[in-house]
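Labels run A, B, C, D and E following the written order; every chain starts at residue 1.
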């Protein structure tokens, strides 16, 4: 019985991870920019949601139409000022440009907000639906639903639209993409901005559940990387499935091994998957070596 | 028996539903130059992968000087004296040309001074001397092919597998390259060479193996091959042409 | 149609092309010849907009190309089939070809272009669902050419298109080049296969150490004693 | 031969000179800065052997720092084993872990390798917290202050600084020697293209393992020196992501895969970090904001690193402005 | 060692420099900053009153986001700034790194907030702690369960089911361990003992596990983020203990109610006393307390919490009742003497503490035996003192804690 509840809780938790991971899979998985600012983008989104709530009394679900837009613009800015200049550079250069950027973002917020914990209180923050013996959190269900929809839309977008193909082509060979008439710079900007906007959506949906603070990005970053790699680089359905797996692994192992060990469980799974199936669960074989 | 350098026995390699190499056997004698020709996608490069240990065959064996080397790692095979080049060149981009070649030379020389000496000779031999100190990443395609050859030579192999090293060379340069390869053979090397350049293949090879859709469809002296109707049909497209 | 004057190109501080001037007129096949490292690829790349540091003038149909980024040039009809294939390895042959028709004008003609390409290169039809990265060297070269055609070029620049192709296909490619020209596309061709190139080309330029040293009609070049000795090895 | 002797001699002289200088510094704070700089330089240089030369971009070296520090500290306080021995034991444990990681990751490349190393370090961090009986958990291990050579504990800070200096010098010497030998060429070749390296007979697996194991061993020794200097270790310090990221960062800023790069990186970043903290922490996080900003600038404008850039500028200057094509 | 500062005969007006190490960036920044502000407020008030022996006090502020930085900064303060006295650091991990540096350099280290018992158990001569340690916090928690809750719940302590949950850092672990051993001594039924990472983004499994064992009382050592998260998820999964006790840190901060609203009500907090019953204070302490509350309200717009009281009280006593008695404030030996001599009765500090440091021979050398923890409760989204009675300003309410569906009605 507990196992059923744990699984359901884990799947719902996975839905939230998926939201963060889908953005990262676009930036890291598809475009191959190792982006250590992704967690901080979520953090910025959460603070924005908080400010809108505090300043204008906006319900987070209304901010859903504002925050992602703002994050989109922030994404454009980050891309133009920093990321564009490290595209095509070795991974280590990207890692450190984004690590530096991440330090800047979290400490700028710290300087301004002084590290206090901020959260929004909605009437539905702790609402639950009970189906038989199983409890389902309402904000979690909303997050899960949106995450599933986004995953589907993004998947179709990348697979079938010309823009989606242009994005994939750009990853695989930038020069050739240019020679096809693709505006590579714009593709990068778009992708990074969309990825950031997705982080924004995740942030909004997290806000009714979790408080935010300047260094919260770290907590999400590693999980997101784990999910993206587990699911298979650049695979959108992979990000969803990977997130659900991690979510369930987390709740189940936290229950049986103790909360202190739960991360250990998914790191072990992560390592095993990478060793035995480096392309991840849904990834294209060999594509991980681009 | 000693005269037999390389023996390939019924090699087969499948990729999913596609059989890239099917049941291919041939032998290479000491100091021989064996040419391999065949249309694009015939399985030539795959054959080299199988011999040099980069791919594991689904069936068949490879013998180097009588020793079974099937399934051995590329580095072990190279140590035993068989070195190959890559059709799609793989330079060590950030190293200079000379350093690239030194990596090869280190296989048999443990000291830097010795290795450099070997490398310098080889670089000169393939005509890359003026570029010796340039990072390999900046070389144009023709020079990269020469670099492939130079690195392989620096390992001082007994048998050398060359995969289209003449691509991108002008006719005059091809002439020089033919001379170089001849001299290498005279120096004691056994060579297997994949090339689409007919003049080169025909003038260099002692024997030629022709592949088509993964299978060996003919083997013989260049002359015999040039008259084989199946070869002409598959490879030359109905009429014989010498570029 | 395309006019390049006094072009200098640099990689960092190293100058690779020196005062190169060439011209391509509508409907022509023009060949660029030269030994390894002469700067042929660099010239094509610069026309396509891929090199960063250059000066001189380039005009396309009378319009200066100075400030036109590479991807715009494709829409203007300047299409390069690059050296070394440069496919999208984790996309299928079909997807590669479709991306060739990325620019707006080409996109409209996509279906017809596809048919044309498959007709010209039937091997590609057989392999259309295979990932481009797992094709043999020669097959990849065919995809590259096919992809270039999908872009509906006005000027098609081919950088060593027969590199690594079997004689049968080489012959087909040269045939193809002539067919393409007949369909109204102008061609700028870089080839090491001088004999055959000059047989299909109308005119040619010889690059040596980054400078144009000889130019003229194909017949003249084929007769030129320097060329016969240095390049044709006759 | 003569050249090599000359190198050893001149390096020895430089070290001696620096030791003499260290004893001239009267203010202990500068000794502290100097120690931290040498300490980070040693970690960076050790990291560089696998991360820079062999292209095994690890962001999990904290695991080795932690093993080195914990082995030394625990052996010392529980069994009175001299840190000099504990340090070697820690080094060997680290080497073993590195061997294990190396074996399981033979086929893993690029950012995936990096992510695995992060995961392994996290696993160790979690274990150090949870296995309280062994590690004292989050409360950490405090080392007693009992000065003496055997205890590797000194009253004068100069001794620690000299110790760290000698350690850096040792790693530099190892790297420099490697660079002129087969192994150096092989490691770089592997980094540039594994397949091509294998075709030339480079034993890729063994070389990578050798580099990682050596790097891990040296890093653990660095961790031991750190533990004996700070005299207090806890998972949040020696096993933190910072201990993984700083050495890599310094190598990159200084010049990846060069023998001098990591040292230069540390000589720029360590004092900078301490200076910023001293000068700008009146606003929370301002020092780190500036630090992050400078990192971004460094990476954007000198992506190959300070040392390779300096070399290039110097060459250009010497050849009279413009490089000419040969 | 003689360093750069003004040496031989200091002018009367020369400021007295004291090093102040706190985590001002990184994950501990929130509480670190607030603690520094409280200490700094004490300094300002003292300076307004004419300083120490007529000399103003100056803090040299140092940021220590992690243990390495704490040690480095202690080094800097001592060697470069020449301070003879360091205050800090709020977090146990930082205190344990900074204190040995001070000790080795013969500089006095005066801890205001950090709780790890270990700080006083290493035989240090120069390390003092004015505040309550983990033992005092844990003991107070269990005492409260035994003496106040068990009777009210009408459960024998031996039958009472207790669950302990704690963040896995130095603070949580140390506090939980004490609770555990004290509970076992009292024969209380320990049904769960679970740790988790303070940065967790999900605690549902922990909640479910507790639900399975259905404890009467839960004791938690948490920071803010995890405290808020736990309570929200406890509500979602309808986990209903009869009483909930948080140990200082997260549960003792106004941030808890800011983030939980009414859902915070009813939670007990083991905390350094704050806003105690004025009856329990000396006349002087009462006045100072009023001043502190007023100034803090002006500064922060809210009441000071336990750790702010710790920092303020400890600093104020140091500057007004200890340093003035030192033969020289430029000599750490003299400062140490003054600290050991101090004998300030309970009720003299604004939070009701007194000061008497344990002598060097004691296993807890340097620990203030007159600091203690007390119990507060969240009532109407505010923290009020409820136990022990002497300090209490309000009655204990909501025992047993109503189930979630009936709360806030």
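Here is the rule we use: a residue touches a chain if its C-beta (ideal position, glycine included) is under 8 Å from a C-beta of that chain, and two chains touch if they have at least 3 such contacts.
Just so it is clear, the model here is predicted, and its values are computed rather than measured.
Colleague: From the C-alpha centres, identify the chain that is farthest from chain C.
Modeller: The most distant chain relative to chain C turns out to be E.
Colleague: Please state whether B-D or D-E has more C-beta contact pairs across its interface.
Modeller: By number of C-beta pairs in contact, D-E is the larger.
Colleague: I'd like to verify one number: the distance from the centre of chain D to the centre of chain E, where each centre is the average of its C-alpha atoms, in whole angstrom.
Modeller: 37
Colleague: What is the distance in Å between the mean C-alpha positions of chain B and chain E?
Modeller: That pair's centroid distance is 75 Å.
Colleague: Counting in whole Å, what is the centre-to-centre distance of chain A and chain D, each centre being its mean C-alpha position?
Modeller: The computed centroid separation for chain A versus chain D comes out at 32 Å.
Colleague: Suppose each chain is reduced to the average of its Cα coordinates; what separation in Å results between chain B and chain C?
Modeller: Comparing mean C-alpha positions, chain C is 28 Å from chain B.
Colleague: Can you pull out the residues of chain C that are in contact with at least two other chains?
Modeller: Not one residue of chain C touches more than one other chain, so the list is empty.
Colleague: For chain A, which residues are shared contacts with two or more other chains?
Modeller: If we look for residues of chain A contacting two or more partner chains, we find 107, 110, 114-115, 214, 218, 258, 260, 263.
Colleague: Would you pick out the residues of chain D that each touch at least 2 other chains?
Modeller: As it turns out, chain D has residues touching two or more other chains at 129-130, 284-285, 288.
Colleague: Mind listing the chain B positions that touch chain C in their complex?
Modeller: Chain B reaches chain C through residues 15, 37-43, 45, 87-88, 131, 138-143, 146, 164, 167-175, 196, 198, 234-237, 241, 243.
Colleague: Give the list of chain E residues in touch with chain D in this complex.
Modeller: 1, 3-4, 24-25, 29, 33, 61-63, 65-69, 71-73, 75-76, 78-80, 92-93, 96-97, 100, 103-105, 116, 118, 122, 168-170, 172-174, 195
Colleague: Spell out the part of chain C that touches chain A in their complex, as residue ranges.
Modeller: 48-50, 69-72, 74-75, 79-80, 82, 86-91, 95, 98-100, 102-103, 106-107, 133, 147, 151
Colleague: Spell out the residues on chain D that touch chain A in their complex, using ranges where they run on.
Modeller: Those in contact with chain A are residues 57, 59, 104-105, 107-112, 114-116, 118-120, 122-123, 126-127, 129-130, 241, 245, 248-249, 252-253, 256, 283-286, 288-289, 291-296, 298-300, 303.
Colleague: Which of the residues in chain A end up touching chain E in this complex?
Modeller: So the residues of chain A in touch with chain E come to 2, 5-6, 9, 13, 16, 107, 110, 114-119, 121, 125-128, 135, 137, 209-211, 213-216, 218-220, 223, 250-252, 254-255, 258-260, 262-263.
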